[in-house]
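Take a look at these structures.
In the two assemblies presented below, chain A is common to both, partnered first by chain B and then by chain C.
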Partner chain A sequence: MAAAATCGAGAGSPGSVAAAVDRSSATSFQRKGPRAGGADGGGPRLVSIAGTRPSVRNGQLLVSTGLPALDQLLGGGLAVGTVLLIEEDKYNIYSPLLFKYFLAEGIVSGHTLLVASAREHPAGILQELPAPLLDDSYEKEFDEDGCNHKTPDSSMKMKIAWRYQLLPKMEAGPVSSSRFGHYYDTSKKIPQELLRTAKWHGFFLPERISPPLTVEPCHLTHGYMKLLEFIKKIVSEEGVDGSHPQKKTKNILRIGIQSLGSPLWGDDACCAEACDDSHSLTKFLYVLRGLVRASLSACLVTVPAHLIQNKAITARVTSLSDTVVGLESFVGSERETNPLYKDYHGLIHIRQIPRLNNLICDESDVKDLAFKLKRKLFTIETGL
Partner chain B sequence: MFPELNNLLNITPDKVEQGKLTLLCDAKTDGSFLVHHFLSFFLKAKCKVCFVALVQSFSHYNIVGQKLGVSLTTAWERGQLVFLEALKTSLDIFFQTPAGPHPLQFLREASARNLQPLYAFVQEALKPEDGGEATWRHPVLLVDDLSVLLSLGVRAVAVLDFIHYCRATVCTELKGNLVALVHDSGDAADEENDLLVSGLSHQSHLILRAEGLATGFCKDVHGQLKVLWRRPSQAAAQRDRSLTYQYKIQDKTVSFFAKGLSPAVL
Partner chain C sequence: MPRPVHWSRRGRDAIRARLSGRGQQSEMLESLLAFGGLVLLRDSIEWEGRDFLKALIKQSALCGEQIHVLGCEISEEEFREGFDSNINSRVVYHDLFRDPLNWSKNEAFPRGPLEALRAMCRPTDLRPVTIALDSLSWLLLHFPCSTVCQTLHALCRQGDSSPVERVNVLGLLHEELHAAGPLGALSSLAQIEVTLDGTMGRTSAHILYRKPRHRPAHQVDPTAHLTFNLRLSKKERETRDSLTLPFQFSSEKQQALLCSEPSQASSHIFYEPDAYDDLDPEDPDDDLDI
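After this line comes the complex of A and B, so read on.
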C-alpha cells in the first residue's frame, strides 16, 4: 500500500541532521531521536512504555487502535495525547467492535483503561472483549478464512510495518507479546486470567448520576460534567499527567467513551435541531482535548453522528477531534444488494488525520476503503 | 515562514505593513500552515507577538516553528512572545472557580455575552513598554482559531465585538497587525460561523483562503490558496486584487505554483 511505501522513504530523513533553515536564526534543526511524551513533546525519553512505538515521521509516540489495518491508515497508529472519534454506523453494529478492539489492545499491552458508558456497565463491556490471537495461531486463522489474495493490500502487508518494532519485551504476563498491534478473535471471549491482570476504571452513568439540585457551573450536561471530573481524577491518580515524577514506570491511559452525544448521556443533540444543550457536547470535547493533551493518554470516543440533527454540531465535533473515522454499514441500505459491494459489510471513511508537531500528515493515498467482518476477523480492504 | 508565500504576498520581514487585519480562512482543508507561516514571519520581523492558541499545545507550534527557523521558547523567554495556551489554562478554570478575572472566563458561562476578559488579556500583553525604548517593533495579535469560540458557547456577535475591540487597540492605536484563522464550512450548515466569516471578511485588508481542490484528493497538489487584497475603509473605486495559486505542503516548507502547473504534472 502506498502508505507503507512512504513510511519506508521517510525512514531515511529522521536520521540525518538538517542544516540551518535560516542563517539568521540561532537554532539549527537537529534530530534528537524519538520524541517523548506524546503530543506534548516535553519530558524525559519514554520510548520504553509497553505497547507504544515512536512514529517514523516525527518520533511521535503512537499506540495501536487494536486493528493493525486501521493503524496503517492512520499513519502508524493513534498518537498519544489525541482523541480518535468514531462516527457510528447506522445500527451500531460495527462501532462497538472497534471500541472493544481498542480496549482489548490496552489489556494485552498492559495499559490502564478507563471505560465510560451510559448504556452498559463497564465490567460487562470488558467481559465481552475479543480474545487475542497469539503469534502461532493467527496465521492459521488467515488460511482458514480463505483470505482473498487478489487484493494483497489486506493484513498480509501489515508485516512491512513490523520492521519498525523497537519495543523491548513486556514484563511477564499471561500473554507475553512485544508486538505493536494484535489480531483478535471475535468469536472467543478474552481469557479471564488476562482480565484479572488488567487495571481498569469504569464509569457507568446511571451509577454516578444524582439528581442535580443546582444548575451546573459551566452549563454542561450533568453526565458530561461528572465524566470530566472522573477522567481528571483518574488522570492525576494514575500519574499520567506527570504529577508523580518519582514513579519510574510510565504507562498509557486508554480512555474509551461509548455513544457520546446520545440521549442516554442527557444530551439532546440527537433529539432536536435547536437544542438547549447545543454547546454541551462541543465544550465536553474541548475540555477532553485539553485533558488528553496534557497527559499520556489516548482517547477513543464513539458518537452517533447520523443521529445528530444539527449539522453544525457535527462539523464542530469533527474539528474539535484529532482523528475522525466514519463507519458506514450496508445493512438496510440499497448498497447491500449492489454487486460491487457484495463481499463487504460497509465502508470506512478516514475523515481527518491530525498534523501534530508537523506541517504534513501521513495521509493514505487510497480513499475507497471497505471493511468486512469475517468469521473471526475484521479486515479493511481497498481497491473495490 | 515560507519564502514563496512571502514573494506572493510581496512582504519581507524587514518591510511589514502596519495596521492591517489579515483573515485566514480554510474550507474543507487544514489551513494551519498559514498560522505557522505568520507566527514565524512576525517573530523574525522582530515584532512583539501575542498568540492566543485555542486548539493546539505550545510544543506543537514550537516544534513546527523550529522547522521554520524560529524558537518559540527563546522568544517567550526574551519577552517577544506572549502565549496563551488555552488547552492547558482551560483545565484550571473549568474545574475550579477562578480567583479573579480569567481570559477564558467564558468557559464557565452558559452563553458568554462578551469576551472582555480575553480582550483585557490581549491589551495587557501588547501594551507598549514604559521607558521609551522599544525593544520590539509594532505588536501583532495572532488567534488560532476563532471558530472554536463558537463551539464553546460564545455567540458570533460577541466574537465580532472582540475582534473589533482588538482591531481598535492593536491596529489603529498601536499601529500593529491582527491575524486570525476561521474555518469556513462552505455549505450553510453553520449559520453562526457564516456570520462570523462574512463579518470578518468585510473588515479585513488581506484574506488568504485555503481550499481543497474541487476535484478531490490529490497527492501532489494539496489545495488551492486564494489571496484577496481589500481596502475596507475606502470606497471600492478600484477592484480588489485577487490571485489564486495551488500549493503542496512539504516537511519544512510549502511550495506554491500557478493553477495546473504543479511540478508533478509538467
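After this line comes the complex of A and C, so read on.
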C-alpha cells in the first residue's frame, strides 16, 4: 500500500490515458480536468484520506503521531504501513502519554482504532485520552471571557494586581486548525461525544485467554497468537488491506499495542536472560510488520526495553521495527540534578528511521533531543 | 528529629521518602495502604521484612479490612505470634507451609495456589480486602515469572472493577534470591515499592510511589499530625481578607488610573540621554496615595 501511494503521487495522471481509450478525439492524450467531485475517472490517484498527507520528500502517505514535534523529527509523520516502536522509560510515565496521543489523533482524524493491552482495558484507556485543542472550542472560551471584559465593575475585583483587571483573559496556547497534527490538553479528558463517534476495536488479554490452569512454560506465544489473529481479522473486516475494492471511502486503521514483551503478555523476555521461547517477541514483530505493510494501517507499539534481559533481543526488536524512538525520563536518575537538564523532563532518542522506497533515510543530524511536558504542549528541543 | 514527610497527590510522579525510626509509623503505613494495588516489600537477609509485613497487616485490620494471608515460609502459629485476638479474627490464613506439594491430598488447594489466590479475591461481602503474600519469592521459585505476574495483575484488577472496595496486595520479596529480571518485572507491576535497608542497626525503608492511576481511596492530609498549625479558621480567613495592604490605592484612584489607560497622553517628550545620564524613570515618591 505504501508503494502504491508513492506511485499515485508521482505519476501525475495516468488515469487520463485510460479515459482516452473510450473517447474519440484528435489526440490520444487528454488533459485531465480539475477534480471537482472526483466521481468518475479511473486509474490510480492519490488516496485522499482524512488525517493523512503525502510526504514532501518521498511521496509516502503519512499520518500524524499525535505529537507535532515528533512528526517533525520523523520527517513529517509516520508512514502508513510502518510500525513505530517506543521504548518505554523506566517508570512508565511518558510512554502511555505518547500512546494516548496516537489514539487521540486517530479519533480526531476519524480513523479506526485497534487498541491492544494486557494491563488496562481498552475502554478505560480510551476514556482517559486527552482532549484536543481545536479551533472552535478555543474561540468559544474566548467569547465567554469577552463578555466579562465589557463590565469590569461586576467582574471579580483583583486586590493586588488590579492594573490587569481590564485586560482580557486570554489563554496563550497552541491551537492547530490544520487537519494534520493536533495539540492536546492533558489536563482534560476527551469529550464523550467525540468518543461516541469513534470506531474502535479493543483487545484485552485477560479476557481473551483463560488463566492457565496447568502451568506450562511453552505457552508463551499463546497471547501473541491470539493478538495476531485478532489484528488479521480486523484488518480484513475493515477492508484496509484492499480486500473490498468496491468500497470507495478508504480509512486508516491505527493499531496501538501497549507494553509488548512485558510479563503480562505471558512473555518471559523481561524475566530471564535465556528463556525457553526467546523468539516469540521477535516472531510477533515480524508477522505484525507483514500484516501492517499489506494494509492501510499504522502501528504504534510500546516495549519496556529496559526490562528485557537479553540485549540480543533488544537489538533484534529494533531491527524488526521501522521507526524506533526511545524515551528516557529524568525522574529518579542522577540526571535530575544536572543543571543542563533542569528545564526538561527527559531525553528522546531517535534510534532508527526507516528507508522506505529509498536508498537513504531522513536522519537529522541533531542527536541530543530533550522533551518537556507542559499541560498543552509536549515540546522536543535540541542542542543542549 | 525526623521531619514530617509530605506526599504529593498529583504532579510528582515518583518520589522517594526515607524514614527511619517509629515516629510517623502509623501515618506512613496508612498512606501505603491508601492506594490499593500491589505493594512490593523487598527485604534481604540482614533487614528482614516480615515484621514490616505484619505491621501493615495490623494497620489494615485496624481499618476494618479482612486479610487473607498465603503463608509459605513459616508456620501459622509463628505468623500469628504478636497479633491480638481481634486482629487474629480478621486474618484468614491459607497454609502452604505444612504441605507444599500436597502429599496429603487434602482439598485446601485443589487446583494449585495460584488458582486459590484468584478465588480469594472473588468477594462475597463488600469490605475491602487485603491479601498478604508471604512470600512472593516462594511463588517465583515454583511458578514461571510471567504466570505470577499475570496472577498478581488479575488480583489487583479485581479492585478496579468494583470501586466500592479496594484490594491491597502485599508481597514480600527476598531480593537476594532473584536475578534482575524478575525483580524488574515485579517492580514495574507494583504501585508502591518499599525497599528495606539500614545502617548500623537502624532499619530504614525507601518508599517509591509509582504514578497512581486514580486518586487514593482516602486522602492523606499532610496538614494533620504537624507540630504547627497550617489551617485557617473562618474568622481568621475573614480578618485576613479585610486587611488593608500597604501601598494599596483607594478605589477612586484605581478607577481613575484604569480608565485613563486607553487614552494616550497628547504630548510626548523626546529626550536622548547622553553617556553620563543615569535615567531612572520611576520616581518612588510619585504615586503614593495612602
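The rule is simple: the second predicted complex is superposed on the first by the 285 of 384 C-alpha atoms of A that agree within 3 Å, B and C clash if a C-alpha of one lies under 4 Å from a C-alpha of the other, contacts with A are read in each partner's own complex, and residues count from 1 in each chain.
Please note the rule applied: a contact is a pair of C-beta atoms (placed from the backbone, for glycine too) under 8 Å apart; a residue touches a chain by one contact, two chains touch by 3 or more.
In this text, all values refer to a predicted model and were calculated from it rather than measured experimentally.
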Touched partner set for A:111, first chain B, second chain C, both or neither: neither
First, second, both or neither for A:263, with chain B first and chain C second: second
Which of chain B and chain C A:376 touches, first, second, both or neither: neither
First (chain B), second (chain C), both or neither touched by A:316: first
Common interface residues of chain A - those touching chain B in one complex and chain C in the other: 217
Complex contacts: residues of chain A adjacent to chain C: 91-93, 118-119, 152, 159-160, 162-163, 165-166, 206, 211-213, 215, 217, 220, 262-268, 270-273, 304, 306-307, 309, 331-332
Residues of chain C that touch chain A when the two form their complex: 13-14, 16, 111-112, 114-115, 118, 143-147, 149-151, 153-154, 157, 179-182, 184-185, 188-189, 208, 210-211, 245, 248-249, 254, 257-258, 261
Residues on chain A engaged by chain B in the complex (per definition of touch): 13, 18, 20-22, 24-27, 29, 35, 39-42, 58, 217-219, 228-229, 232, 279, 282-283, 286-287, 289-291, 293-294, 311-312, 314-316, 319-320, 355-360, 363, 365, 367
Chain A partner contacts - residues on chain B that touch it in the complex: 30, 32-33, 36, 44, 55, 57, 59-60, 62-64, 66-71, 74, 86-88, 90-91, 94-95, 97, 107-111, 147-148, 150-153, 183, 185, 189-193, 216-217, 219, 249-252, 254
